[in-house]
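After this come two complexes, each holding chain A, first together with chain B and then together with chain C.
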Partner chain A sequence: MSAVPLLEVKDLTVEFSTRRGIVQAVEDVNVTVPKGEIVGIVGESGSGKSVTSYAVMRILDRVGRVARGTITYTSLDLVGASEPEMRDLRGREMSMIFQNPRLALNPIRKVGKQLEDVLLQHAQADARDVKRKAIGLLEQVRIARPEERYHAYPFELSGGMCQRIVIALALACKPQLLIADEPTTGLDVTTQKAVMDLVVDLVRARGMSAILITHDLGLAAAYCDKVVVMEKGRVVETAASIDIFQAPQAAYTRKLMRATPRPGITLHDLLPEETPAPTPKAPHQVGEPLLTVENLVKEYKRQAPPPTLKGLFGKKPEPQPPFRAVDGISFTVNKGESVGLVGESGCGKSTTSTIVMRLIDPSGGRILFDGQDIGAVPARAFALSPLRKRIQMVFQDPTESLNPRYTVSRAIADPLLRMGGFTGGARLRDKIAELATMVGLPLELLDRFPHQLSGGQKARVGIARAIALNPDLVILDEPTAALDVSVQAVVLNLLQHLKETLGMSYLFVSHDLHVVRLLCDRVIVMRQGAIVEEGTAEQVLEAPKADYTRELISAIPHPPV
Partner chain B sequence: MLSSFLRRLATAIPSLIGVIIVTFLLTRVLPGDTAAYFAGPAATPEAIEEIRAKLGLDKSLPEQFVDYVTGLVSGDLGTSLTTGQPVINDIVDRLPASAELTLFGLVIAIAVAVPLGILAAVRQGSWVDHLCRIVATAGVSLPVFFTGLLLVYVFYYLLGWAPAPLGRLDVFAFPPDPITGFLLIDTLLVGDWETFGSALAQLAVPAATLAIFALAPITRITRASMLSVLSSEFVRTARASGLSPLKVIVTYAFRNAMLPVITTLGMVFSFLLGANVLVEKVFAWPGIGSYAVEALIASDYAPVQGFVLAMAIMYVVLNLLIDLLYGVIDPRVRIEG
Partner chain C sequence: MTAVTETAPAAPPASGLVATLRHARHVIGENPVTGLSFGLFALFLIGAVIGPWIVPYDPLESDTAQALQAPTWAHWFGTDQVGRDIFSRVVVATRLDMEIAIFSVALVFVVGGLAGVAAGYFGGWTDRIVGRLGDTIMAFPLFVLAMGIVAALGNTVTNIVIATAIVNFPLYARIARSEANIRREAGFVQAARLTGNSEMRTVLTQIVPNILPIMMVQMSLTMGYAILNAAGLSFIGLGVRPPTPEWGIMVAEGAAFIVSGEWWIALFPGLALMLAVFCFNLMGDGLRDIIDPQRRT
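This part shows the complex of A and B:
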């Protein structure tokens, strides 16, 4: 470690003035980034990890300000620096990669032009060679056909590709410090691995320093030299990555580590140590097939190429074959069983679950539910079918899937009023209270609106709503993807408990193999609309047969334990 | 590009057909008897019947409609009973006057409102922001005829800066040969600076009246749209890359914020065009709005139908232009074209 650190954050306190007074988002935070090292800042939402990095870059919101503490970059005082001085540092000395690459790029400007803007701003190029340099940058972040991609707009590129552009933007002026704020959230695991490998390779090759901000301990462990763990605006632990995973000191770090899904554990292992073990249940009975999907196909018409004048008069071109989002898949879900549907984005897993849920119509194949062909009932008419209440769903985003103008009790009452034969009164109230208790939702929250609840509470409302009608099959569409790991641990245990008590079947859609393994008896791996592998959770995760499954498993970053 | 343009144009045809049918029916159900109105108060019932037959108003509604549509197809909008001229001629004469007034007013409004809205968003909570709010509130709450009269009182009567509010040109100026029908453009084309000055002087106050009215929606939308874009993630990226404030605000934020502004502009333009009747009355402007109102009072069907049709066509063309402009600004729209 060199004597003078590249960046030193000392006793940093950041305040936000809100309508309810001044809130301290970050309190007395100390972070040191030595030259040539990668430091991870790990914490759950609200831990202040992003605010710390915004304070370093001095790009806090208008209402936020550094109340106390110093930020020193080499020997420069960043808190006292003037705005033009900061502007000169940003991009040239330190730069940042953001979460959600698609939103981080100007949607209506060619990506090449956006790169040129940065190059020209910091006098790294002049009008003659700027285009060549921009294309060179695209090459460095390993984008194929860079001359062509120079003219692309962000919406024409995949998420992983957009993140490469953002990385190119950040590295354009050869900065000394790179801050990556959740750079791979929302990307597939294989893309995540490719992007992280690229960032770390570039950082190491240029002798730069980097701060990696993430909620994923595994990711931090795999790529960082040192890890800073934050909770509620404070640093709870700072240690070398290896030490922190072998001997975590802070209770919070231990809790985070326990809550991270990893191989060789059970659902209960995710919960904090002091949680009592669940009463062992008799191994649950897997009964007859409840849902049988046979040769399911979903086709989408391809977008027609723009008509040309020649096309109008000349011969019509051959129409392209339709795009098959789901390509003839078959599987069964038995009574009392949970089946995981795993794959990366675009593999057809969500399309499949939406068809089974009967929200869209398949193009071909049969869906037998309890012996009846529900695929034959059009999606529009299915809402009136008596089978509707036997198949329910928990949606991916707990916030977006709740009506913002419904209170919690109204949201849970919705299916009961529509299909449960309830008309209101004390019977309905009792039922709502019973459901809330079942999902562990405190009763005093029943009159609140969704924006007054935490992410975990909203997830519980979504679950209570789905189980309100005692369905036989619940489709879980990435129910924990938007939650922090510690909340995810609790919600997964809740789902398992509900399944055991109510005897439901789950179709669990997820991109996270570890999470699927914890909850599911069987796993189906999908790729490009087809099933590549199917088997019990242990088989698929421990002895995968398909190359693709192996690739998926190896792409998950592991904590070194 | 051309085919998407034509396709977009074709989608307007059903609405135009609808406009034709609705205006035809509406003018027929309006109270008032055209024949009686034109025969005069002293006319005998026979004379009224005679006029009715001459106008074709004794036929059944479907027959009248067929007559009307047949005329339309051959470019005949009927004859105005008040002016005695074919409606198409009246519209060709008067539409440019209204269009020039509206466009000029809109240009003034944009020139003031867009920078004001941007400044208000960039310096949120500063005096510019408050000024923006005051201007917008005043603009919408004062009726056009009131601001019109106020401006005439101040600039013509008190200060004497503006000419008498009596039409498009000074009485002693010679109107140029109509090329586009827009006096400002026509005088420039022939290089007649004197008439240009006179036309501009006449135009300034009524256009300012309209502009004050149009300021409010444009400022508010510009401000709101800029605020949401300024807090978006790509602006943060641009700032984190150290781009200059000018570059961030103009190239990154404003170009994105323009899309809702343009939509609003289209709406503002179309309601200005229809609603400037009052301004035309106050300034004795020989425009299409006052023409239509007079015809409506006289139960003169043909000009009213012609007016509504002209408005509908302008609205369609305008929206088409806005769609095309959208495509120029936003590459995502171009694909779907």
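This part shows the complex of A and C:
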């Protein structure tokens, strides 16, 4: 390691002026990035990890400012640098990858042209060799058939492919420092592995330094030399990633590590050490089938190709076969059982759950719920069916699934008023309070609007709404995907507790095998609309039969233990 | 219970009306322009409600001895060609102009808004019919269409209201359609279906309240346009008839005298018109901020 670090952040304090006065987003943060190393900044939402990186790039909001501390890049003072100086540094010396690759690309410009723009602007190429260089960059980020993809628009590429383009853009000018802000959040686990491997290989090959900002301790430990753990705007621990995992020093790091789902643990292990153990549960009661899905098919018509003059007069082209989102799957959920439905995006798991939920109609097959064919009732009419209240759902995004104009108590009251026979008054208030207590929601929050709640609190409201009518089957559509790991740990335990108390069945839809294993008795792995593997959670994770399942499991980032 | 409660962000647990009023005060105080527009609006409201009782002269009483006088302390805005006090006429006219604006905007808000929401939420034939209806109206120059409607239906205030509402229909329907369409598949709408709400209920309780903020801005903007429209129709002799005090007619009457140097007859009603439109245009943003709970942080 060279004596002078590439980037040194010293005692950095960033302030934001808001309606409630000045808020310190980060306080006395120290981060050192030596030449040629990858440093991970890990923390949950609101920990100030992104603000730190924005301060380095000097792209803070108008209301934010560096109050104290220094940021030194080689020997340059970045806090005092003028805007033209910074503009010159950004891209040439340091560049950044953002979370959503689609937002980072211009949707109406070919990706090759976008690469050329950057190359030309920073004088990395001239008009003669710019195209060759752009294609070379595409090759470097391992995009197959680069000459063809040069002409692609961002919408024609998958999320992982778009992120590769963004990486190519960031590396186009051969910067010394790459800041990756949650580069793989929202990507599938196999894509995440491919993208992260690529970033690390490129950074190592060029002798660059990188900062990886993530909420995933496992990901940071797997790919970084050094990890900085942040909590509420402060650095709580800085250590080599091997040490962080073997001997975490700070209490917060330990809590974060415990909350990360990993093999060989139970749900309760996720919670902080001092949490009392749950009362030993009665032996698992799995009853007769509650939900039976037979040969379920959902087809979507493909978009017709644009009409051509030849098409108008000549022979009509053969109609394309419809796209099968769900391709004849069958499974059963028994009473009191949790079944996990796992797969990557586009595998048809959400379509399946939405059909079972009776929000959309299937194209074929039968859905038997407690002996009755609910697939025969059109989705539009199902809202008024007496079975409606027996099948409920917890949505993926707790924010989006709450009406922004309803208070918490109004949101929980909705199912009770519509289907529970409640009409208001004290009885309704008592029931809402009972439900809120059940899901661990403080009663003083009942009059708040969703935007005044934290993510975990919103998730609780969604759960309270779903269990309000004592449903038999609850579909959990990635209920913790939008939550921090420590909140996820609490919510998963809550779901398990509610299931044991109320005797519900769960159909748990998720992309995360480790999370599914914790909550589910059986796991179904889906790919391209079909089931590739089915079995008990232990079987599928410990001894996967299908190649695809093995691939999924191995793609989950492993810390270097 | 194994659950651990995480700390909540600090926010005052205030109840409905109090919170809304406090929030309204904050929004108005935060932005001086919003404050100014609400102040102007209050002034126009006072003029509309108690104007006829506070004005110094009868707006219809002519006094030919005092005709065409420039502004003095006795007649702040001067007098017109038959000696009526222009200040009194401008103030009294506020009520009629406000009535036309408010009723026409309320009408188009309900009809156009609901049609647009239905088009956006249900799609299919509803969408096609509402969409083509809007396109048809947009195909005409809007002021000419309004003229035609008033001329065909008859020269009354009610028909001015109807004509103004019709020409604004496509704007409302289109905004409501796109906003409803975005929210059709939103999580909270799906959740409302799951909790047993019928389609109609879902639209009215989930979709409509959530598009109110943006519709509010539109209402405020069209309010200004409605006043201009009504004044414009009166200016060319449709709708309100003399000697009723109305800004448009007064400008029309005064226009003939500008050449001979009597500028005040047209200037003051024109100024009132301008201020009213200005006030409504500025008010839109403030209204949206007050009505949107997300801004209440």
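FYI, the second predicted complex is superposed on the first by the 559 of 561 C-alpha atoms of A that agree within 3 Å, B and C clash if a C-alpha of one lies under 4 Å from a C-alpha of the other, contacts with A are read in each partner's own complex, and residues count from 1 in each chain.
The rule is simple: contacts are C-beta pairs under 8 Å (C-beta built on N, C-alpha and C of every residue); 3 or more make two chains touch, one makes a residue touch a chain.
Note that the structure is a prediction, hence the values are computed from the model and not measured.
Novice: For A:Tyr153, decide between first (touching chain B), second (touching chain C), both and neither.
Specialist: In the superposed model, A:Tyr153 contacts chain B only, not chain C.
Novice: A:Met96 contacts which: chain B (first), chain C (second), both, neither?
Specialist: Only chain B; A:Met96 stays clear of chain C.
Novice: Just checking: does A:His497 make contact with chain B only, chain C only, both, or neither of them? Give me first, second, both or neither.
Specialist: A:His497 contacts chain C only, not chain B.
Novice: Quick one: classify A:Leu384 as touching chain B (first), chain C (second), both or neither.
Specialist: Only chain C is touched by A:Leu384; chain B is not.
Novice: Can you tell me whether chain B or chain C touches more residues on chain A?
Specialist: More residues of chain A are touched by C.
Novice: Going by the contact rule set out at the top, does A:Val4 touch chain B (first), chain C (second), both, or neither?
Specialist: Touch partners of A:Val4: none, neither chain B nor chain C.
Novice: Counting only touches as set out at the top, which of chain B and chain C does A:Ala543 meet: first, second, both, neither?
Specialist: Neither: A:Ala543 stays clear of chain B and chain C.
Novice: Is A:Val63 in contact with chain B, with chain C, with both, or with neither (first, second, both, neither)?
Specialist: A:Val63 contacts neither chain B nor chain C.
Novice: Name the residues of chain A shared by its contacts with chain B and its contacts with chain C.
Specialist: In chain A, no position sits in both the chain B and chain C interfaces.
Novice: Which residues, counting only chain C, touch chain A once they are in their complex?
Specialist: Residues in contact with chain A: 1-9, 11, 13, 15, 186-188, 190-199, 206, 209-210, 293-294, 296-297.
Novice: Which residues of chain A touch chain C in their complex?
Specialist: 19, 268, 271-272, 275-276, 278, 357, 359, 380, 383-384, 388-389, 392-393, 395-397, 400-406, 414-415, 418-419, 439-440, 442, 444-445, 447-449, 451-454, 456-457, 462, 465, 487, 490, 493-494, 497
Novice: Given the complex with chain A, which residues does chain B contribute to the contact?
Specialist: By the definition above, chain B touches chain A via 2-4, 124, 231-234, 236-245, 247, 251-252, 255-256, 329-332, 337.
Novice: Write out the stretch or stretches of chain A touching chain B in their complex.
Specialist: 57, 59, 61-62, 87-92, 95-96, 98, 100, 103-109, 117-118, 121-122, 153, 155, 166, 169-170, 172, 306-309, 312
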